[in-house]
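A, B and C label the chains in the order they appear, each numbered from 1.
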Amino acid sequence: MTGTAIISALAIWAAGWFINARLANSAAANTRLVRLLVPAIFGLTLLIMWELLVRLLEVSPIILPPPTMIADRFANEIPTLWADFVQTIVKGAMTGYIIGMLAAFGVAILADRSDFLTRGILPVGGFMAALPIVGIAPIFVRWLGSDWQSKAAVVAVMVFFPILVNTVAGLRDTTAMQRDLMRTYGAGYWPTLFKLRLPAAMPFIFNGLKIATTLALIGAIVAEFFGSPTVGMGFRISTSVGRLALDMVWAEIVVAALAGSAFYGLMAWIEGRVTFWHPSQRK
Amino acid sequence: MKKMMMAAAMAAGLGGMAHADAHANDVTLQLQWVTQAQFAGYYVALDQGFYEEEGLNVTILPGGPDIAPPQVLAGGGADVMLNWMPSALAARERGLPVVNIAQPFKTSGLMLTCWKDTGIETVEDFRGKTIGVWFFGNEYPFLSWMSQAGIPTDGGEEGVTVLRQGFNVDPLLNREADCISTMTYNEYGQVLDAGVSEDELVTFMYEDQGVATLEDGIYALEENLEDPVFVDKMVRFVRASMKGWKWAEENPVEAAGIVLDNDETGAQSEAAQIRMMGEIAKLTAGSNGALDPADFQRTVDTLLAGGSDPVISAQPEGAWTSVITDAALN
Amino acid sequence: MKSVLPVLTVIGAILLFWIVSVVPMNMHLTADLAQRQDIVVTPDTPVARQEYSGIGLALRNPQLFGMTYTLERPRLPSPHQVVVEMWNTIALQNITSRRSLVFHGWVTLSATLVGFVIGTGLGILLAVGIVYNRAMDMSVMPWAIASQTIPILALAPMIIVMMGAIGIQGLFPKAVISAYLSFFPVVVGMVKGLRSPDGMQLDLLRTYYASPAQGFWKLRLPASVPYLFASLKIGISASLVGAIVAELPTGARAGFGARMLVGDQYGQPLVTWAALFAAALTAAALVGFFSLVERWTLRRMGMQAV
């Protein structure tokens, strides 16, 4: 039985790979459709292999449920999943993301005015960014209570540093010629900032914002493990493990992956609109 | 060539024998929480050589907040687990056939601890208050109780707002919750350690409220209990474990010391473990390891009476066996 | 070296802010404690005190300031309390004792390093595959990005149980989780690095009639070294976080994560804070080590680090 399972799984893998290889090397490789199709086929191949191996090897659903069971649970629990999504992502992660982002911008501009501050803040900020979130989260829950505010605070702290570093790097990215040009126009600090340096910094800033999207999600979910009201993705995942409802755990993971990818995609789209002039945006 | 084949055959034979030997004498026990005096009996049995006397080679795996013992048992990572009965019965309904083979804990140590100045005096006063509840298997007694008392658990003026309590007593101390779940042997002591005096608190013991359920029991998988070698192993294991429990009851301070020696984190404090052992001894006294069918039925009745959201939906069949304890204690 | 003064200034400012914040953060607990010791507190019931913020309560009770710095279970420990706790568990303990933070640090570090090696190895292989094979590039990259959105704290117990089911326990499952968190920065960095040689350089190699393998070893790989080091630094701290996160589902036995958890559960916040700072210092030391290696390597390769 094990032998059949492994051979069929490998066969599916080979089939999927073959299709993808043909598509990727075909003439239509650069079209939008193929670019979406190839990862989709890859993902589908993995799902089929998963389903096959779990069913044929008779793995207990308490250890790893098959994708069909997860999909079934997902479809049946949409109200719960939605409530969890609002609590964790909208209230916790997004609020924290915006707070962290604004704080990072503020500190970056402050640091920009003073080289002394920059050289002080960056190393110290690096140390603070190394504090593992698993340690910070319970402390924030103790300080701010179990509701979404503590989750937002954890997220704000987590996203602050990547955005700060990237913004500072971006603000420094203008060449001397460009800055001299602004001086010939008689532009002071603030006009130069808004008309030259901030737009020039946008590619770096968005790099930081994209990294921060995944951090925000993870921060909000992890913080919920340490105390929460009876709603929220972290809460649901943790209690579902306790109740051996592994299919619910995976349904929540699917929501997290979808939300994270959507958030990242949104940032990438905004980046495309704002930094249309940058070489990396050339098709 | 022939010599090599002979050597290989002998090695395989010996290996096979060793494997068979391991099967008959190796036991892995999955605890349901981190190393603490709640599990003193097993650590004592290991330390004092009771397991060795029975010819057993026992490995004790500590648990933690992310470990669901039924899941470890299902995955084959352990031979036996400790679990509370509501959680084990719920696991049975979910398709994991765990069977209670011994019940060292006779009474329940679960309680709710509330601030007296919130005006709470009876269960009815819970309405409109915030109550901290652990999840991960410990929520069943509470949900059952509230269901029987007719108090909704989704907040509002007429119901209780349930807070998922982390594993400490801070929600009470910083007044985020009006009441929190505590065990007599652990968190209640922590509240007192934080400087709170007993007359500032109002407590509700689940035993007194008639909604107590059986706690730490020893469970194994049904399919393993069909193997006579496994059953024999379990008989010896239970016998030695109960010997460990009775020793711990009589020597609480030494038992606490043994637990501390086995604590890999080095973060437990002696005073807390001695106090814990003292309280645990009250829960294990009165049990010789055999599950009392009346206790079992009382737990099942409490869980079935859960009204709109019962923990289990039917009287469990074959959820416990006295085969092991009958052989072990006679 | 010229950064020493600014860094010290910033650290000093943060320390000052910390020391001042201890008072309002601990004031409610201190007021409760003081009242039980029959010290006069304004207002005099806990319920009435709930109406005030930490700062408001602090302004009304200056006599309690000193007590806020010496609580056993502080909400915000004072810096000296954290330093004393770290000193007690690092310098005053036998290194092999379970009460020593050095011992726990080694437990976490060993899982981190093994996981980091696996993650980096895997990441480099994946990056090479992505750069040289179009099918891999189009199919794997989006999923690698999506994999980072899956909360590791949810997957970690599953990975541990599944590995336990096939008999693998101890260090290796923790290393797998560390590897999971560290492989992605390495993939991203190496892909960027392997693709960084520009058109002119690639053409030059073609004029030398270099095979793709030679092109890889002589151009692409060396060109990717600065990007590799940037990713390694991110990867090692992600690996450390992974090892700490993995310690929770393995039963909180040893390691920084275990200390943080047990400290949190048994009302000993100083244990948690000491472990937290020790973990951050470890991460800083690891990143610093890689910075030194980077500077040495790039100098030897003739690509002076910027």
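One rule holds in what follows: a contact is a pair of C-beta atoms (placed from the backbone, for glycine too) under 8 Å apart; a residue touches a chain by one contact, two chains touch by 3 or more.
Because the structure is a prediction, the values reported are computed rather than measured.
Of the two chain pairs examined here, A-C and B-C, the one linked by more C-beta pairs in contact is A-C. Once CA atoms are averaged chain by chain and compared with the all-protein CA average, the nearest chain turns out to be C.
Centre-to-centre separation of chain A and chain B, using mean CA positions: 38 Å.
Per-chain CA centroids place chain A at a distance of 18 Å from chain C.
Centroids built from CA atoms put chain C at 33 Å from chain B. Residue positions 63, 138, 142, 225-226, 241 of chain A each touch two or more of the other chains. Counting only residues that touch two or more partner chains, chain B has 65-66, 68, 71, 75, 166, 174.
Of all residues in chain C, those touching 2 or more other chains are 75, 153, 157, 161-162, 165, 248, 264, listed in ascending order.
Of all residues in chain A, only 60-63, 138, 141-142, 145-146, 225-230, 235, 238-239, 241-245 touch chain B in the complex they form. In the complex of the two chains, the chain A residues touching chain C come out as 17, 20-21, 23-25, 29, 34-35, 38-39, 41-43, 63-64, 116-121, 123-124, 126-136, 138-139, 142-143, 214, 217-218, 221-222, 225-226, 233-234, 237, 241, 246, 249, 252-253, 256-257, 259-261, 264. Considering their complex, residues 2-3, 5-11, 14, 25, 75-76, 134-135, 137-143, 145-146, 148-155, 157-158, 161-162, 165, 237, 240-241, 244-245, 248, 256-257, 260, 264, 269, 272-273, 275-276, 279-280, 283-284, 287 of chain C touch chain A.
The touching residues of chain C, when paired with chain B in their complex, are 28-29, 32-33, 36, 45-47, 50, 73, 75, 97-100, 103-104, 153, 156-157, 161-162, 164-165, 169, 248-254, 258-259, 261-268, 271. Interface residues of chain B, counted against chain C in their complex, comprise 34, 61-68, 71-72, 75-77, 115, 117, 166-169, 173-175, 190, 193-197, 263-269, 272.
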